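Following this line, the structures themselves.
Common to both upcoming complexes is chain A, partnered first by chain B, then by chain C.
Our next item is the complex of A and B:
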């Protein structure tokens, strides 16, 4: 079957448009990051510090020693998993802020299994991971079904769940799960068989607390990309996010798609909790996740909710976080400047009129160019 | 459980409940005004934090508590206007822009404190003082009532006056009518000549100012210094109170008061055998249930009563 000339023309034009869109997206992301770094530079300058020395430490520091690389990769694993966990509901246009509750639920489930349940070697790693994913998924199901079935506001529901789970976690770490006879607030260590193998064992160079969770994270990202782009469920989630009325009209059960997006996101956040317990700390500690849960949102936003890009964004972000700590040690510039840079990125990314304005201008210029050519 | 009742009825608990409720009340009213104006202000947390930090720093360096409080409120108001500008001028998603502003406040306050004082934790090294308390001569000597009401901070009184003020503003003034019209249906409001954008800017400025007052109370009333991330999620709880209160002034008042009382109770019960963390989950669990019931009822009726803004 040969296509007509008009068809090939059309297709070529379509592809060119897509390529242009992608190029604009990529350059916009790059421009956003550079603009945010510039803002940070100016702030450091304005507060009377040396921005060049600070940025040198920030941008080259994490690669200078192997254990710093390990610190970066370990942080990136957790952060990327959290970014992925937010990106899926975001794809269905659901603002889930519940990664924190899902992470802590996952951490608790993984810890309870890995500390108290005697299991044969390989199962000892896998079963806690599965338990964590299930606990996270359950924690995602609550606000998901409230939103899908009742129309309850998912932002408030997830925020309330965060408040509840964080307090219950705090209680359990300080009470029933505290290591007996210890004055410090920790749980017992997980059984040796449940530990995610450190990358140091694989490569023979000191890589800190980074572990095979990194590989697990990469596999998760690939699986989620396949799910979103290549499966019917992913299609339903995407259509729900693009236009839920149209999706409903086309026969998609929108509430189901919304529910699934929360459950899948929750499972991934649960895995992030398991990574902290089985890989990074080896036990439960108070305030395990810090501010990571909210920073996962930033990563998802920067990657425009594309699972593969989330990996790159997560690695980039953690690099800044790791670099910020080194910058603070080597210069007198506080690591908090990294948070400011992150905030500027979020604000620039969400200012949607900016890229659209630019795209429209490019399109107009091209149209004008074509008219001139036709003449 | 007699000891539990003793705690609830003690004047120390009641006084603490008023004190703890203060930031919740102010921030919740800030959230309410923004929500009814049609732009969700999830940046309450950041606005409080920025105000708390600015207030303590300015008061500490200038020696004037009033100037500190005023600059704190100004900064929070500007953040409210910035959120409105991002939403209205640049088409930003209000929720995501709010998250960005929260991050900005968290990073910028910590950076400022570290740069100025070289302290990671906060401004406890800086003598910034607190806003005045209000003694009530006459009532002071009445046994329980005096202990509860007298000696509360000025801002606590302001917080409790905010409820009638916002109710008056919403239902008795032209501005309030415009604000509600804009939030419910901006196109309809615009068609009858209401300046939609200007009303939304004004609403968000007021929202920021109220959150700022809440923040100033934290660093210049509750305690006398700024601590890093000292808002500790209060802005989000206030936002929940907005929804739990059904987007109505007196409903929000009761919800915010409930959150404050529950937190004070959790602190007071710390002396008993009940784990305080578990007690403090009660208001959040209640909110979750109320949220579900509210949505369920609305669904059965088929139409919403008050449309939650841009969510």
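Our next item is the complex of A and C:
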């Protein structure tokens, strides 16, 4: 009977319950991370290696040198943008796996504009970004409208589109867009004016390939949060995800809300592609995104699709990635341990088991308390 | 509107609310032809609908009361201005309806799931009635609702009628229909089989005979008073 308990609370009690719920959530997240680290620790121990040295490298490594911080931030920027790009369709309860195709479409668009189109200084940065967002949005629109108008399964549609776009990308990088006269497979560099300013130039310390894309990412997250919580479109996306029958009954055009969620997500993934081209690599390279597109899904799940939390989850997840690389270089423990840690976290968080259990216990204890008081 | 469940009441309600399109026939609501207008068109024409299964499409259970109260008006002033949804206005709107409709909750941000059946139904009725409908379709309003909330619903429905709204009450509860209705219609196998323009002195047993198909009124009686060419029901 916990469900009807809330009704009988007064406002002060309710607020207290809600605050406590938040505290439980936060501390449980922390406990989840610690539990995952403990599991990783045991696994290293079981393989007969030195877990203390490995963890030292994993947890403090990324902060030890400034260029490592840069490596972390650069990775976090791409990863967070990709997490944001799927969090929006997830909000409409659409399982979009299309971040990969949207990213590559965005990367291509940004590269073509930034390499071949002569533009004045500021426009040279902005126009490729816009082109990338538009290309990503277009790549999101295809599966979005297939799902919304034709009833196609969005998982299949996005996955198939990924397969196609990645092949097209590979072809273009190996063929028409390959730098003439070069034996290695990559495109020409983007024009100097189109480069996203490296953070090194700002802070005067070497920060690797991290760049103002970081700021762009933070702004995007804030904008998406506003979109979801402060606009009618965001409301429609939320209600469509919460209960599409209800949304339809209330007069919301559900197919359109679904389409928009894909288009917006696609645009953000396109920006991630532009960040890689204009900021990180400065040109098109094969396999630009690595496995980041799918890790973006994990980040969105961890953050329960809240754009602001996605930033935190993205930064955290990238930190583990960066630390894992350093751990592999400095000790004899491989990055697989990081995968174990990540997997345990994902399992615990998505299962939501711990916090719910704790909250229910607290509620029960309080109810018992009340009854005793009444007597 | 009486009838044994599954004789076309749900379909009729959904057609009238714009959730289904009719295969034939026309529907007028106060001079607007609504057939084929979609949900938004129906709502604009002044049709309110309390759905029979509130858990399916009457509410978004994981969303707040405040968000559930604005589904049909979230894109209009005062809730939204210049493309921006104003959380303060949404909250104030919710506070006002919670007060007016005696919804029992500590806060508008409580998710619908935490409410009891009667309380949840109050939220839905509050939303539909506060839109000021010309026609309110109320399907099984008191199903799974406690006695207090039931009385409350009855009062609100009668008050809505007194304010000039047409209320189409669809119910499986004959006592409720006989107590509230000004006119009673009976559906059987998707067809109108009974019409009682005066419900005083009408007994459950008598109406029951029509519901079971033992008796039925002839067409002349069913369509009396309607303009030529108009069909009574789908």
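Structure notes:
The rule is simple: the second predicted complex is superposed on the first by the 360 of 375 C-alpha atoms of A that agree within 3 Å, B and C clash if a C-alpha of one lies under 4 Å from a C-alpha of the other, contacts with A are read in each partner's own complex, and residues count from 1 in each chain.
Here is the rule we go by: a residue touches a chain if its C-beta (ideal position, glycine included) is under 8 Å from a C-beta of that chain, and two chains touch if they have at least 3 such contacts.
What you see is a predicted model, and the numbers here were worked out from it, not measured in a lab.
By the document's definition of touching, of the two partners only chain B reaches A:174; chain C does not. When the two complexes are overlaid on their common chain A, residue A:347 makes contact with chain B while staying clear of chain C. In the superposed model, A:14 makes contact with chain C only, not with chain B. Of the two partner chains placed around the shared chain by superposition, chain C is the only one that A:242 touches, whereas chain B remains out of contact.
Residue contacts after overlaying the shared chain place A:336 against chain B, while chain C stays out of touching range.
For chain A, the partner that touches more of its residues is B, with chain B and chain C as the two candidates. In the superposed model, A:250 lies in contact with chain C only, and not with chain B.
In the superposition on chain A, no contact is made by A:27 with either chain B or chain C.
Looking at the complex, you find that chain A touches chain C at residues 3-11, 13-15, 18, 229-232, 234-236, 238-239, 242-243, 245-253. Taken together, the chain B residues at the contact with chain A in this complex read 40, 42, 86, 89-93, 95-97, 99-104, 106-108, 110-111, 114-115, 233, 236-237, 239-240, 243, 275, 277-278, 280-281, 284-285, 287-288, 291-292, 294-296, 298-299, 308, 311.
If you check the complex, the residues on chain C that touch chain A are 17, 19, 38-40, 43, 49, 51, 56-63, 67, 70-72, 74-75, 80, 83-87, 104-107, 109-110, 113-116, 119.
Residues 43, 47, 49, 95, 146, 150-153, 155-157, 159-164, 167-168, 170-171, 174-175, 291, 294, 297-298, 301, 334, 336-344, 346-347, 349-354, 356 of chain A touch chain B in their complex.
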